[in-house]
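Going in written order, the chains are labelled A, B and C, and every chain counts its residues from 1.
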Amino acid sequence: MKSARKKAIAGKVLVYVILIIIAALMIIPFIWMLSASIKSDREVFQMNPFVLIPENPKWSNYHDIWTKIPMLKFVENTVFLTIVVTFLQLLTSSFAAYSFAKLEFKHKNTLFFAYIATIAMPWQVYMVPQFIMMRKFGLNDKLLAIICLQAFSAFGVFMMKQFYEDIPDELCEAARIDGMSEYRIYASIMLPLSKPALSTLTIFTFVNTWNDYLGPLIYLKSEAKKTIQLGLKMFISQYSSDYGLIMAGSVLSLIPVLAVFLCLQKYFVEGVASTGLKG
Amino acid sequence: MAKGLSRQKKRDLVAYSFIAPNFIGFAVFTLVPIVFAFALAFFNWDGSNPITFAGLSNFKQLTGDVFFKAALKNTIIYCIGTVPLTMIASLALAIVLNQKVVGRGIFRTLSFFPYVASLVAVTSVWKMLFHPSKGPINNILYTVFHVPMEQLPQWFTGGLVLVSMILFSVWKYMGYYMVIYLAGLQGISAELYEAASLDGANTWQKFQYITWPQLRSTTFFVVVMLTINCFKVYDIAIMLAGGGSGELTISSTVLVYYIYQKAFIDWKLGYSSAVAMVLFLMVFVVTMIQFRGQKKYQ
Amino acid sequence: MKKKLLSVLLAAGMVMSMAGCGNSNSQPAASNDNAAETQTQAAETEAKTEAASDAQTADAAGGEAVTLKWAIWDKESTPYWQALADAYKEVAPNVTIEMVDLGSTDYMTVLATELSGEGSDFDVVTIKDVPGYATLVQKNAIIPLDDYISADGVDLSKYAGTTDQVTVDGSLYELPFRNDFWVLFYNKDLFDAKGVDYPTNDMTFDEYDALAREMTDTTFGSQVYGAHYHTWRSAVQLFAVLDGKHTILDGDYEFMKPYYEMVLNQEKDGVCRKYTDLKAEGLHYSAAFSNGDVAMMNMGSWYVATLISSLQSGEYDADLCGNWGMVKYPHAEGVEPGSTLGTITGLSVTSATDTPDEAWKFVEWVSGEEGAAVMAATGNFPAIMTDEAMDLITGLDGFPTDEASKEAMNVSNLYLEVPYAENVSEINSALDSYHGSIMSGEMTIDEGIAAMNEAVQAIKN
């Protein structure tokens, strides 16, 4: 009995040691980013000796980022895009995924295959035909172009479908026998049950849209429509690279993403109290 | 009979109505260009001049292309290294962080850091850590393990570059897949574990007989996404191994880089699509095998 | 002669601006002599139906408002775009120049995508490099300028032979407005400290190698690198083409071997930083030179403007690199000094534009002597190097005062980093890749050169 407890304690200690090592590995880049964001160009790449906080911290980087480029406008655009895309993505994906996971219909496998197949295609392959098509629709240099590109991704449908499949069919069957319509089942049974999946998808979509670079680069050209990532790239010019500013921008752009993660992560925890793997 | 048919039809309609909002957008903006790109593999096109039919010549040309073969080989090695490692690491992390651990929220957030942080920033850090002459890793090898100066590993060139890429990608995407697994773990009913505890099952048995089978669709999803994303590796290679003009050498080039180069530097869209077809077929075969595997379990 | 041309241009500009004030509404037949002049041009260009171009050119002369959409990069950090647009506004007030910043990192990719298919609304595009230029020419995205050039009597000889190297089947599709050439930058303080004579405008590669070695100090803590080579292919490989006997498109690269050997031996002996280190650090050449431990560095003349402005703003420490100079590139035995590499930046008229004549006028102006003056005033090297422009640059506050640095600006032979060829972008990619392999030690020099030969010959066939 005693040795078992000892073993348990040793196990716990081991788990914590590993966790702390992992946490350290994970946090290094962020610390480095913070440190680089208050350095001058030359100090950023100085390794020998490496200093965390330079003698003369260049706080001005955090000020310049707002004045050197119209960062506020970029933030506005990015926030708008991210919110719209995430909302559309969640709504349409979970809707379609319900059908794929819980309903039987003609051409189900063919349609689903079409989704999977497109995930496998690198965007670079169809970027040009897509661009020519979008321009024909009059979407060049419109924020709407990015929404159209991002909001209907196959990834979301695939992910939601996999989660719905794990929810027992019996729940739906019972509801059907009770005379509920499929729409009611989706709204009152599936949606509430899929909070963890929905929050996961929210985070992924949010991060993707927030950090997207190539899409905005191709489609958004006028200054008033650019996004944060394009703004950050503006600093990297051919003949000089302003790393301190880029890092300051990266730190700023990271904050909303982390905030969203922190807000949503409680949904992963939900139910753990009753389901946790108790050793 | 007639009534049954109409009920089936009605059911189909309901199902389609669920799919429609997503599918219409998806079909117009993604599927159509992709089908077009698929067809391009059998044509020559530079994006502006008229398209000409090429038959199989693009594919024939592939067989003698040194860069393509190198890219194919590197991509496959990278996938074989990355997929299992990332899966195991993220599953382990998810299981640990699904337990009652003090500071669980903080640990979870930290694990997610590498994924959200910008690639430029994190690759810079990695390149410092693994810097061939000044980096702390090689420093330790030199001072602690007495590896001679000339034999210190060159992490970003030659044979080691793929190893660096694999390690980096496991580190960067572990948190991402951990989140998927965490969400999957929520779906497992607590009663299953309680029943198993009553039967005297130990931790490993619980994992083997409950967690693992219950996570089947999640794992399927994770593995498929991992495979696809690994085959699509591109910017990691550029950032870690790219030279002065962003170019990759024969030992670090990957398929999507080659696709990008052929499409946007050389503007041989047909040839680029042919390379993409090879990539697609590989992903397709791997996915089908996994699909079969998943079906068999059920 | 030059003065006269300038004054004619100015006068024309004034007439145009007056016309512009006179009638803001569209009056197609307002000024007859201009219309007549352009009629002959229209017949030659065959671009449009006669009636259409007739009306168009007349519009321009009459001063109807025209907007030209111009593709550029890095608007914020590159002052000359705005300066050129503003100056042109004085010349042609009816023309509004709308700049679209496509960013520098993926500029040619975005531009080529934008010009794909039909329906682009760009009128004038900046051409950043020759491979990108080749792409646009082959895509028929930009138009040949020959008819305009002969109609307006543009003297191509003023472009120092660079236009010949981008001529495609006898036609020219771009007009350069900026021309950078490579020189050897050096840090005078380091030479003074060591008591070594400064590099000269007439050095062979052997002398250069010896000097670099003499300047090197490998003592830890007071390290000095005799030379520095940026990670670009051009910084090492292209030493080899300066003797004029070979070109980068040859397909047989045995002639590069001595230069790779020189640089790799220097690397081995600690004369220059290791390629693999540079790659891992992502060390920018400007950071390397401004750090004050590099005695000599070969780099393009664009670095002059950077050095001057960064020293003035205090971004670079004047104690470390404030005392700098330039000399001509070293040369091979038996070749006259002053041969160097050049990089041109040009302007092209798109085939999608509705106003090719106005677009051409703009291109002609920017690449002409007035544009050159604007470029020089911002510290950049214009494609047409006039004495005035040269005086403007060498007279800039912060430009080295010694005679050798001024003399270094005189180029005798200019070889483009890549001249035009049909498959130039593929050749360029292959050479880039194997350059990386050789420099990082993945391949020996012989293996790398053999691989280059094989790859380029395969592309050419």
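The rule is short, and it goes like this: contacts are C-beta pairs under 8 Å (C-beta built on N, C-alpha and C of every residue); 3 or more make two chains touch, one makes a residue touch a chain.
It should be emphasised that the depicted structure is a prediction, and the values quoted were computed from it without experimental measurement.
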Topology of the chain contact graph, where touching chains are joined (line, ring, star, complete, other): complete
Which of B-C and A-B has more C-beta pairs touching across its chains: A-B
Whole-Å separation of chain centres (CA-atom averages), chain B against chain C: 40
Chain centre separation in whole Å, for chain B relative to chain A (CA means): 15
Residue numbers of chain A (touch at least two other chains): 47, 127-128, 132
Where chain C touches two or more other chains at once, by residue number: 113, 116-117, 281-282
Where chain B touches two or more other chains, by residue: 47, 124, 128, 131, 134-135, 264
Interfacial residue positions of chain B with respect to chain A in the complex: 11-12, 14-16, 18-19, 21-26, 28-34, 36-37, 40, 47, 93, 95-96, 98-101, 104-118, 120-122, 124-125, 128-129, 131, 134-135, 171, 175-176, 179-180, 182-190, 193, 197, 203, 206-207, 211, 214, 217-218, 220-221, 224-225, 228, 231-232, 234, 256, 259-260, 263-264, 269, 272-273, 276, 279-280, 283-284, 287
Partner chain C, residues of chain B touching it in the complex: 46-49, 64, 66-67, 124, 127-128, 130-135, 154-158, 242-245, 247-251, 253, 261, 264-267
Of chain A, residues touching chain B in the complex: 15-16, 18-19, 22-23, 25-30, 32-33, 36, 47-48, 91-93, 95-96, 98-100, 103-106, 108, 111, 114-122, 124-130, 132-134, 148-149, 151-159, 162-163, 165-167, 182, 186, 196-197, 199-200, 203-204, 207, 211, 232, 243, 246-247, 250, 253-254, 257-258, 261-262, 265, 268-272, 274-279
In the complex with chain A, residue positions of chain C that touch it: 73-74, 76-78, 100-106, 110, 113-114, 116-117, 119-120, 281-284, 286-287, 290-291, 302-303, 306, 310, 315-316
Partner chain B, residues of chain C touching it in the complex: 109, 112-113, 115-117, 131, 135, 138-141, 230-233, 235, 274, 276-282, 423, 425-426, 429-430, 432-437, 439-442, 451, 454-455, 458
